[in-house]
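Next up: the structures, one after another.
One chain, subunit A, links the two complexes that follow: it is found with subunit B in the first and with subunit C in the second.
For the complex of A and B:
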């Protein structure tokens, strides 16, 4: 049964889901922008973040929204290790090598997580606001989803301040424009790369905690969020944060509207079809820059 | 004339003799292994995946790393299985029509991909695999859904099927070798190394990238048909990302861009897959430490596979083939060869 209220609700939920994907996509985008590296295992970092937030919330009994911070920190540490011990070693070699490394990481993370948390059993981070919603006529707005949108806005504002107002942000922007010249200007490229990867991973960790609050999850969820984040980046253009925000909202709405109109069956497929069509028409993405 | 010169280059290539040696070993092995399971399952699977990985490798040879090759494996597999069961076509004919069908769809996807860069291409191919499995799972009455259906085989299961598969795969891999050694192969290589420069020298990059896509997806479809027949069974799990990543892992571990790499990779990975389960009973004491699984074996195997891939990429970027080649040069004590290796390292 398709109703206006139902459709409105689907659109609003789409915005909320889109926001979580935006966080993931921005992390991916940041890493790409500065390091010219594509991390296909980014969704696995989201999954790890979700599990860390879950464990902290259930064991320490704190508010799930506070668990976002330790999740971000822990995933950032994992990110530093990945950059230092895996990606740095293939930097400057063939582009495909980075893709291969991240595929290896997908196997490692997903199956290590399977060892500790049952793959066939979905869990969700317990939130005190679960099931509560603000009713706007016939349209229901879940508090959890609205809070998720607020958290995403706060994190994104923080990220913009970090890249525009701080010294390390300046170094990151310089490195993203031309790494060789940045090195000549006395910027420690290795440190910038490590920091960038840590920030990107932390964004994935935050996205994971929010994902765990809004959706139920298991160790095998990682692949789909990665692809969705990619879809968003492709829609918005590689390396552009406003593009990622626009792409994320567009994608979330398209996905949820399709899901609503087709009872969820074609949700993932139609979104990809949209993505492929955009790429055929404009290979650099809707708002993409020229070049890379 | 052209074909003759092509054959001459082929005969001059050392790789042909390596390939022939591998085929000879593969043909003689069943004489020594008198186990129905080992020949029917393990050896056959090695041969089928050697073709599948080679098809992926050919595409990567042109600089296009597909992350959704399982779509073509599945399309070829389902097309040949459906042609054989629903229409009653002889399985051998269905096999090749399945390959052609896969190549036709590969042509369409290739058209979408010719202008894309490495990671975009990876995403589009991966996305296509998702679309393919979603579409197929909508028509359970045709495709059999999660349960799947039995497929007839081109030859009686066991030894004769193994030899039939070996023959088809050998011909296919020799064809792939001819393509890689030909002018087309040179164009693929030029595109992989530097696409703008390749375009500048007058190579129609779009045409050649599309060509690589069509040839690769044809053989992937063929491998899909053989894979379904070697299981005597097909179900939609053939579209899983696991099967998309498998040829990539095999090619990289064996040696990317070489003809023998995917074969070696296939032998290694299928051996690990087939013989790892024997060690599962010994891993039982670890079970209490890992609450997520009832048996730690399968997950540990995949963790190991991931680490294996990462370690090979970091420490042995040219795959196990490069190790074998170094060993071969060392045994021959060819001073020019060792000098060549040194030069390669310097550049």
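For the complex of A and C:
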């Protein structure tokens, strides 16, 4: 039986889930936009962020939402190390080298996480808001998901301010347009790349902390969110932050509405079918520009 | 001493010495003697797989501590070697390659394990082809030993009857536990609802089935409906809702379930997804119902994941590793749990490990009975197994394998536990609430079934 209340609730859940995907996709998009680097291990940074936030919350006993910031910082540091010691080494060589490094990193992160957190399989970051919902008539929306939406909005506003209003943001935008010209203008693109990767990783860390508050997670969760994040940035348009936002929301809504209206097995299929349809109609994605 | 007497003594001595020499000679191990390689098929990225590996290690270490397994044709006891066949996540695509490697490269003598139906249906193919005995201890779809009886054209059908004869199922099947769940709902839950909410006795219990969209989940859905119909149980299935095996969140499906106004939700999932469903259902979607989890969730992780949310929820089971009582319902279970905890830093064993532990001993018995490691002889010896029940409760209190329609299956008994939150221990504790008795076990039933505190029944 399909009801308006049920459908509304499913759509609202979809928006909330979509927001977490947006955060992950935006980080992926930023790295791709500035560095032209496709990082398939981006979902593993989400997973690491979730575990770090979990450890901080449980060991320090702090509010899980406060653990988002140290998780972002820790994952940003991991991002810097990855850029400096892995991706920079192959920059300018065959694109396949970057791709294989990122594919290899998937297994490195997954196995290390299994090693460290073997005892904590399928855990969730304890939230004091767990189980509490805001009721709109028959429609329920959990406070944790509402807060997740709010956190995503704040982080995205911060990102926009960073890229539009700061010097490093200007350097990132310049590098994303023409890295060689940016270099001629005196921009240290090594620093820009390192900073960009750190910001992208920090966004994945934030997404991980929110993911861990809303869902249960384990060392193997990175793969599916990465695929979804790729679908979202292609849907929204490569390199476009508004595109990632629109793509994430559309994806989350399509995914949840399908789960409600049909059997669960179609959930991923319909969401990806949406991606194919958008690409047929607008090959550059919703907000993409030619040449990306 | 006369001459005849002397000759008699000499003859007796010669015969005695010759006999002793012959006996001693027979005790010299054959040059062929080597360790017995037991392939443990387990996905090490899953809690179930880790439990399987630990339980197998426990059994093998116990056997080796006693010198090993006696192999008559080699005239010696032989040590057992655990060969881990790591199927990672035990998904359908992850099993065939490691099982093939275990057979061809590591030359395993037997395969034991296989947690999921999807993984086992693929992983058993190299074992069938290579005629390696495989005692399946996890996958509960009875198809794993009955693929030969599928209709022609069915992609899962196996025409190799001889190859299939090497497959054994030491595990409860979907039919076994769905029968227990359906009858528990009809007998205990319906009675409780009728009295608590003054429902008319003709009102059927409203059951929603929420299942993984794979062979196992669909099997639970179909078998449960068949049992309800065949046994004319007063149950109406008001929703059949599936979720993708890759799903990590289940809200949209739970909203559909909620709108069907069920009295109870039967979840055909694994440990992590079932716990998540119960938590999301109660906490997020507001579906304050009675949730029934399947026995694969008889794992300490399930209790931890559910925590307080699991208070008064239901778990179908076949081994109570967290038995709440002064004396264990089966002494062997108590010994197993204590040994497991001692060996593995206080970890509480799960259900699939228990099956695997028993299966190692079934293989030991088969080797001792057949006196050889020859795989055909081992297959015949396993088929002829006749051992006392061990960790699982059996209908006839014996471990035997069927040879008829229910091919190479055992006759286990399953039961229902209600999880109760113990605030002092800060943990969920299980209590048996169904059935009232078990063959050969007194006492077994521990307390009456009670509805969860905030329970809301389905529509009248």
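Note that in this section the second predicted complex is superposed on the first by the 282 of 292 C-alpha atoms of A that agree within 3 Å, B and C clash if a C-alpha of one lies under 4 Å from a C-alpha of the other, contacts with A are read in each partner's own complex, and residues count from 1 in each chain.
Methods note: a contact is a pair of C-beta atoms (placed from the backbone, for glycine too) under 8 Å apart; a residue touches a chain by one contact, two chains touch by 3 or more.
No experiment lies behind these values; they were computed from the predicted model shown.
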Simultaneous placement of subunit C and subunit B on subunit A, clash or fit: clash
Which of subunit B and subunit C A:69 touches, first, second, both or neither: neither
Which of subunit B and subunit C A:90 touches, first, second, both or neither: first
Partner chain(s) touched by A:114 [first = subunit B, second = subunit C, both, neither]: both
Partner chain(s) touched by A:219 [first = subunit B, second = subunit C, both, neither]: both
Touched partner set for A:260, first subunit B, second subunit C, both or neither: second
First, second, both or neither for A:143, with subunit B first and subunit C second: neither
Touching partner for A:268 - first (subunit B), second (subunit C), both, neither: both
First, second, both or neither for A:101, with subunit B first and subunit C second: first
Among 20-28, 128-136, 146-154 or 200-208 on subunit B, the segment whose C-alpha atoms clash with subunit C after superposition: 146-154
Shared subunit A contacts, counted only where both subunit B and subunit C touch the same residue: 114, 118, 219, 265, 268
In the complex, subunit A residues that touch subunit B: 38, 40, 86, 89-90, 93-97, 99-101, 103-108, 110-119, 219, 223, 227, 230-231, 234, 265-266, 268-269, 272-273, 275-276, 279-280, 283, 292
Subunit A contact footprint on subunit C (complex, rising order): 45-47, 50, 89, 213, 241-244, 246-253, 255-256, 258-260, 271-272, 275-276, 279, 282-286, 301, 305, 309
Residues of subunit A defined as touching subunit C within the complex: 1-3, 6, 9-10, 13-14, 17, 114, 118, 121-124, 130-131, 133, 140, 142, 214-221, 224, 256-260, 263-265, 267-268
Subunit B residues touching subunit A - in the complex, by the definition given at the top: 60, 65, 67, 111-112, 115-120, 122-124, 126-128, 130-131, 134-135, 138, 241, 245, 248-249, 252, 256, 290-293, 296, 299-300, 302-303, 305-310, 313-314, 317
